[in-house]
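Look at the two complexes coming up: chain A is in both, with chain B in one and chain C in the other.
For the complex of A and B:
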């Protein structure tokens, strides 16, 4: 008892002494509480037979029933599969791209070219996803889309890209890369800028060419950053670009395009099955949490780099 | 072994000239130290020799070959950087081996050479460690090892010891000296620590504002600085400089400093120079506390006595100008120094400089 008192009084003293820092921290903490922790109260409906009229507290418990329903549902299993496949491709093609871009930018010696090229690849990031989706739709449109016009010019038949399930994945992954790779490369460029320039000079005197410097100095030096980014990426592996999918998919492409988040959206908001949607969302969160923990632990063991 | 020869070597950034046409001949196996105040262009000079900076004008030769346009890797030089420039992700072994690996040297030869170098530098037990797990001195040694292992024609050092504490610096200084004695590789060493310059150099090059002020052996620079800049730079503490007016007192040339008259050495350039303004240079260690047959007395105001052990520094003022004296203590006892009011100065140990140009008027001591 006395220990606890001592402990609290020590914390209070600390807060009084460093109150400016806590004040700066306050908005973030409040944001987290209001938007992330308070809503967690509602998570319990994943284990309840939720009725809007009875409210969260009064709805009866049903245990894991919703989870059984989910895992017996073909649609949900398909959503899990699609989520994993899209994320997998995204990781495979989307993750290395910004690194390659950053390494490429670093090789530009003329500041003007470097700046221009960077601006060009950053731009899509600042365009809203709705507009991105609009651009994609018009580019791949069967009648007026640039792609189909080119195909027809070259003597092929025009393809109805956006209604064919087999085209959804490449288009989605490609759009994602186009939209974000440039902007994400900033992180790696910053890491490259932090490399001690005398390492390069020393390597130059030692006889290394640019290629060798890239492989033997730049890449190893930014490896910690790459790993941190990879951990974050793996943690988010179940969060594929929800908005872009909602905007691009159609019932005919659900087969490859429907992912957990879009499934949750349809069940929860369109079909008003809030409890089932909450269960799906909860499952998603738990898996994501386990993934982050695992990635972080592995990275800590293997490379001594970790988020915490 | 090759020498290095710089001729009218110039570096311009835009319109700013930071190295203003340097001429310097470095003999094979020589250890040359570039000293000068911060920003005087020492690093730039070194980096031009290494090929890390373009040469704006003039030529650099290594041996008989003009290397202005030669890529750094083909100049056969090795450089040790102030911050060591060790690769943090590589072990000590791989750091030393880096240059050889780049050059695709045979694996067995690499292992052999790295082990030899590690042995020379006492790094054998650290070969598997990463630079982050080494002390400052050990890192410094790895940086040296990386240079040595390639057997270059020229070693370039840019303030390699300035990140070390005083004790380690002294120790590493001796080690560098020993290494040079053994390997006899032509070395150019940049520092702004004049003690390093004095102890390491075969010849010292004193630079100021992109120019060479004087080139000479450490003792030449100590005994015969060509101008007040070199006089104020070499020696620790540096030479005292007093403004004075030359007077002719009964055919004897004296310098009038405040109310004191100091007998000057017999210098031709001073003949018939009554009333000429000069700067009188007196080294702190050349001041006497007791009068000798030829010395002239000078009144001082004692401000502070600093004890260094067997020696003490007397901080005094002569005619409102600071004047430092190095004197011996009596086994650490300085009570006799606290009472000093008059110093005695031997004419032959005085340097005289022109007040306008700062150039030495002649050399009084020949050696």
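For the complex of A and C:
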């Protein structure tokens, strides 16, 4: 008892002495509780029959009912499949591109060209998804879009790309690469900048050409960065750019375009099935959490440094 | 590296690289040029498939149409409110928070830091966040949008790491002069951290300017919509608008030119701050070597 009293009084003295520090910290902590931790408490509706009138706490428990419903629903299983497929393709085609770009930039000898090219390729990262989607829609428009104008000129029929499920994946992946490859290359460029210049000098003395230097020095030197980035990407495999999907998909392309987050959005926010959608979101969050933790552990082993 | 040291094979290699990177660069640039060309072309030129790179029948009709819509100006004004109000509130929370989290004398520092970092790995998701905003009475309000997205773990950790890198001697010297925490933060930390704070400010501005999903979900009142949501509505609603369907021939503007004009109006402010972004985001990425 006395210990507790002593302890509390010590804490009180500390807070009195350092109250300014806690005052400065308070807004951040309050914000995190109100906007991020209260929703975590609200996640319990995934196991409840949520009623708007009863609220989160008073709604009756239903156990795993929503999860049974989800795993029996074709739509949800399709969403899981599409998420994995889109992420997989994104990894396959989207991952190497920034590395290639960074290696390319590194070979540029004229600073002006290098700077100009970088300025251009970083730009799409800073453009809003709505604009990106707008650009995709107008470039692929069936009647006046430039892609179809080209196809017609070459003697093909024009294609209504955005209503055909088989075209959704290539368009989505392509747009992602177009938007992010340039910006992501910064990470690899930073790694290249850290390569010890004496390695190149001795290679030069040994008569190595540029291609050999890139292949034998630059690439192996940035391999740790590549591996870390790869692990991060695999850890985030459930994350797909769902904002772009919401803007580009339509019922006729759901078959290939509907992913977990768009499913949650439709069931929850458009159809007001909050509990079911929260269950889908919960499943997503837990799997993502495990994946990211695993990725972090692996990266710790591989590189001896934690990502965080 | 010295050009003289290049062999012929190296030159060939360099040219191949230039061509490859050049092609990627051009294909990044082209859609923007295309949109700009469409926005300055006549509706007829676009609908008859003449516009590919340069504007045809140059006209400002689409811009006239866009700029004469009071809803457009209203959306523009709202985006400014969300961007600057939101960025201001973000800095007001993030800077003091990052300072406190960087101080060794803070009790439970590991716990508070974990509490912030944990949200990067686990997130309650869309639905609980939405229901929480509704329970807080923050639906359909300027304040809800501004406060609800004011903070995130990444920015706090980024700035905290920067603050941790400031040598103790600075803090101690200020302490000797009798400065309290507010003064240390204001007179020592903030002036020393201008690049880091500039980076975070730009991250906030860009995120706010481009933010659309939650504005679309949380706002119902048309008067409160930001530019991005307005643009989305225009794209969705004008597609089968009578005005456009019936006037494809000889029209000065069309659905395509009007939406392109709005897109250009939305991109221009980002282009205006782009030089600053370029200056700071490289640093931001380096700073973002986020470590616990």
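Following the convention adopted for this analysis, the second predicted complex is superposed on the first by the 258 of 308 C-alpha atoms of A that agree within 3 Å, B and C clash if a C-alpha of one lies under 4 Å from a C-alpha of the other, contacts with A are read in each partner's own complex, and residues count from 1 in each chain.
One rule holds in what follows: a residue touches a chain if its C-beta (ideal position, glycine included) is under 8 Å from a C-beta of that chain, and two chains touch if they have at least 3 such contacts.
Here the structure is a predicted model, which is why all the values come from computation and not from measurement.
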Chain A as common anchor, with chain B and chain C clashing or fitting: fit
Chain B versus chain C, judged by how many residues of chain A each one touches: C
Contacts of A:64 with chain B and chain C, given as first, second, both or neither: neither
Which superposed partner A:92 touches (first chain B, second chain C, both, neither): neither
Contacts of A:272 with chain B and chain C, given as first, second, both or neither: neither
Which superposed partner A:12 touches (first chain B, second chain C, both, neither): neither
Touched partner set for A:124, first chain B, second chain C, both or neither: second
Partner chain in contact with A:205 - chain B first, chain C second, else both or neither: first
Contacts of A:302 with chain B and chain C, given as first, second, both or neither: neither
Overlay on chain A, chain C to chain B nearest C-alpha distance, Å: 6
Shared chain A contacts, counted only where both chain B and chain C touch the same residue: 204
Partner chain C, residues of chain A touching it in the complex: 11, 14, 18, 20-22, 24-25, 27-29, 31-32, 34-40, 42-43, 45, 55-56, 100-101, 104-105, 107-109, 113, 116-117, 119-124, 126-131, 134-135, 137-139, 141, 143-144, 146, 149, 152, 178, 181-182, 186-187, 190, 200, 204, 209-211, 243, 246-247, 261, 264-265, 268-269, 274, 277-278, 281-282, 284-285, 289, 292-293, 306-308
Partner chain A, residues of chain C touching it in the complex: 1, 3, 5-7, 9-10, 13-14, 17-18, 20-22, 24-25, 27-29, 31-32, 34-35, 38, 46-47, 49, 51-52, 92-94, 96-101, 103, 105-107, 112, 115-117, 119-132, 135-136, 147-148, 150-151, 156, 180-182, 185, 206, 209-213, 217, 228-229, 231-232, 235, 256, 259-260, 263, 266-267, 270, 274, 277-278, 281-282, 285-286, 290-292
Contact footprint of chain A on chain B as seen in their complex: 50-52, 72-73, 77-79, 81-83, 85, 87-90, 98-99, 102-103, 146, 150
Contact set on chain A toward chain B in their complex: 196, 198-199, 201-208, 212, 216-217, 220-221, 223
